[in-house]
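We call the chains A, B, C and D, going by the order they appear; numbering starts again at 1 in every chain.
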Amino acid sequence: MWLRTSCEMTFSITVPTPFILMLRLRSGAQQWVASEEYRLKPSVPVFEFTDNYGNLCQRLVAPPGDFAVYTSADVMTADQVDQLPGAPFVEIANLPDVVLSFLLPSRYCESDRFGQMATEITAGEQLGYDQVKAIEAWLHTTIEYQPGSSDVPVSAVEVNSRQWGVCRDLSHLGIALCRSLSIPARLVVGYLHGLVPMDLHAWFEAYIAGRWYTFDATQSDLRGGYVAIGYGRDAADVAIYNQFGPPVYPVAQLVNVEHLRR
Amino acid sequence: MWLRTSCEMTFSITVPTPFILMLRLRSGAQQWVASEEYRLKPSVPVFEFTDNYGNLCQRLVAPPGDFAVYTSADVMTADQVDQLPGAPFVEIANLPDVVLSFLLPSRYCESDRFGQMATEITAGEQLGYDQVKAIEAWLHTTIEYQPGSSDVPVSAVEVNSRQWGVCRDLSHLGIALCRSLSIPARLVVGYLHGLVPMDLHAWFEAYIAGRWYTFDATQSDLRGGYVAIGYGRDAADVAIYNQFGPPVYPVAQLVNVEHLRR
Amino acid sequence: MWLRTSCEMTFSITVPTPFILMLRLRSGAQQWVASEEYRLKPSVPVFEFTDNYGNLCQRLVAPPGDFAVYTSADVMTADQVDQLPGAPFVEIANLPDVVLSFLLPSRYCESDRFGQMATEITAGEQLGYDQVKAIEAWLHTTIEYQPGSSDVPVSAVEVNSRQWGVCRDLSHLGIALCRSLSIPARLVVGYLHGLVPMDLHAWFEAYIAGRWYTFDATQSDLRGGYVAIGYGRDAADVAIYNQFGPPVYPVAQLVNVEHLRR
Amino acid sequence: MWLRTSCEMTFSITVPTPFILMLRLRSGAQQWVASEEYRLKPSVPVFEFTDNYGNLCQRLVAPPGDFAVYTSADVMTADQVDQLPGAPFVEIANLPDVVLSFLLPSRYCESDRFGQMATEITAGEQLGYDQVKAIEAWLHTTIEYQPGSSDVPVSAVEVNSRQWGVCRDLSHLGIALCRSLSIPARLVVGYLHGLVPMDLHAWFEAYIAGRWYTFDATQSDLRGGYVAIGYGRDAADVAIYNQFGPPVYPVAQLVNVEHLRR
């Protein structure tokens, strides 16, 4: 399906503030960006670079006053997310080198602490896709999903302890559980068509049978309409914005995703 | 200055034809892409990847029939190209690792064959910027510039032998001369505001005093208005399109660059 | 100084166990490897790759039984670690792209939780080198250093809470404090000549005035004799060995560093 | 088989001369380096980096006087090179991104000029492995192989015109022919056990059926005993040494490969 995504954020800046933004969509195997727009107000010099995960990042220093970032894109993405029950686990010895770092614990996914719990959640499942599907179902029924966003990411251990979280938190726990079973898993931040209430979204992917599959514990059924902005090991790698110096939060944030007839 | 660039190419395809296109502008230190559009007609699956030089490349298979590619972008670029007469040569031992490959001979820049000639052209010049400026001036007065494009790139040796060439050919010779003096040099393909007749353009950059500087032997004076599409060692690395199988040429190509009031 | 380093580890394996080892020294700006040896007993197929941080990693599957890894190297390293009191902080806008990821929180360095504490520890210090030196001194006097190694890395928050740690733990806390001040910092794992008792070691580096400087809170004065094995954001990135499946620990580990007359 | 390789080169230097050496073996899918030695006489500071192709390169400035480089390694490599007659051609649309640059013409492999010739040489062959085998056989019978080395690489066009060449020249022509058939091909420089007379060697690899296969037109039958030093598009990428400034040639070069009983 063709979607038009947009995200507008406004910050109230008091001292010149360095930002690293990650709001430029990339075309890839999952989606094709037919057009995009990226406006800053006021206009400031921007330097764009590609990070270790292939995400396009924009560096800039926001001047004091209101600072607005507006991005929009027309994107083609799948109507239905690929699913493959029974798809087999990939032995570690056969994983591609580039996938290995998604097996390791990371800031918000302490996979080194979840071995036993993951084994219990996936007991009786066939190794691979079905294990991750069981983890997704367990998250869906066990951890209370709170739509909306939170300023400070919390880690898998913390989410598991408090038993509720935003989309990003559920994903962190899902990722930690997958990795503890030696299944590579990564966080995706982006848009989801039909999300209620509309906002930026986060979900996770697991590497099974030679490719990445999409999982999302916040939705009762996995449809399509996912548009990825960035990939990484967890929210520390995939921040829509990283800001340095005295903390600054968006005073306004507006996200929209609509069907596009082309 | 703000520019709106566009490029439309139409191919007449007889058998399914794999293409690698390089028509997506990137933001970087030199330019900021505020909006862009990338349309294919008919629409086909596209996979985008980043090559060794950071260029965004689009892989696709064009189906039989007319196949059109239309790209457009609103870009901020410098009004005036930076120039720094007297800027010093960087000793090889002090060059960053990533620049070293731009010292080596490449497909169309046989720098291993131009040592003596480059020494003669730059006799008496201060090492660094002034040498490259002398090479640019020599090219401008010696090699006849033929606007327009040619289907088959020719190499520096061939250009030097026939004494004329399109923008890409003059750049290849300029690059070969620079490298033979141990000055890293690379080809840039892109747009130039005010180019007559309007077309895609090619120029070259040399690494001096710790950064890349722009040179263009086809223009009598170096103004601004340059918009880069891709960088590489020569035209083998930076092809607007690489096509595989029986040769296919654009049956129509339309390039436009205009000032944009924003 | 010329050093001969060696590390021998023996594991007792019960089921075929995938390993990723990081025990091959690399030559770089800090050290030159004149010779090295890498023996496995029994000999098994090994695939070597370079990770995101440039570390050389060896993938293999250890068969049941005793499995021994022996590495040794003759390395030239500095007699004295470079120190530069007063060296200035680099504004974030001026940091090279490749350094930016060392500003972010990571698995064991929750820099997002240490802002106020870091400000207090470095109160009155000049921004840059002197701040990190104050952090190093604070760690040295505040956190009890326990030589030896621990099986499970603990994070900066945990170390700060329990007030003691092995070399790796002190480094994690040092790194978290630096990053919370917007100073890029990374973990180094390697050898240190004269370490008592001899063992593998870990220290940290901070990016100041355009380069990485060495810090080590476990030593009362910073001498030379450091040999790096690997670099990363924290112990999750730089593990001498990562092992998958049922946990396996070395039944024997022997580390040696001696002066070499050449 | 286990092999001990060694290479000793001595240069007579008159002015301080920057070098980039490529003499450090890497372990990988094809070989395992169990030990290695790298000595410079006199000893000078060396900085090692990894180039775009994963080769380890050593940068240094050689001082006036005799300058000697001695490297040695104990390496495990295959007894028999893998061969797979009938292995199928990979459609361009299915090639991994990282392989694509080995389809393009390069300095010494003008694949854009060999389309018709390659078609004739491989007439009647099954697409893929058998085509490359036909090219290898054609080279073996048509181009006179002159053992030894030459100072200046010549290109595929030149080799084809003069009908003789050293190992590197035959490889360049083989690579150009493969690429003109849309088969990715690359140059390998290294050692070959049993080469007569013993010297450094060059051969080529073609990407077929999802992996790289070895071809060598200088040998009447493909045995094993190959040890790779470096990979690249052609000799411009894979030079055992690149030297800048007034040309310097080895005054002595000694290469040895012997069986090792371990």
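General observations
To be clear about the criterion, contacts are C-beta pairs under 8 Å (C-beta built on N, C-alpha and C of every residue); 3 or more make two chains touch, one makes a residue touch a chain.
None of these values were measured; they are calculated from a predicted model.
Counting steps between touching chains, the shortest path from chain B to chain D takes 1. Using mean Cα coordinates as chain centres, the one most removed from chain B is C. Separating the centre of chain C from that of chain D, both taken as means of CA atoms, is a distance of 36 Å. Centre-to-centre separation of chain A and chain D, using mean CA positions: 43 Å.
The centroid of the Cα atoms in chain A and the matching centroid in chain C are 30 Å apart. In chain A, the residues that touch at least two other chains are 49.
Chain contact topology: the protein chains form a single closed ring, every chain touching exactly two others. Chain pairs recorded as touching, per the definition above, are A-B, A-C, B-D, C-D. The touching residues of chain D, counted against chain B in their complex, run 18, 20, 49, 51-52, 57, 59, 61, 91-93, 97, 100-101, 103-107, 109-110, 112, 152, 182, 236-237, 239, 242, 244-245. Listed in rising order, the residues of chain D touching chain C in the complex are 24, 26-29, 32-39, 43, 45-50, 54, 56, 58, 76.
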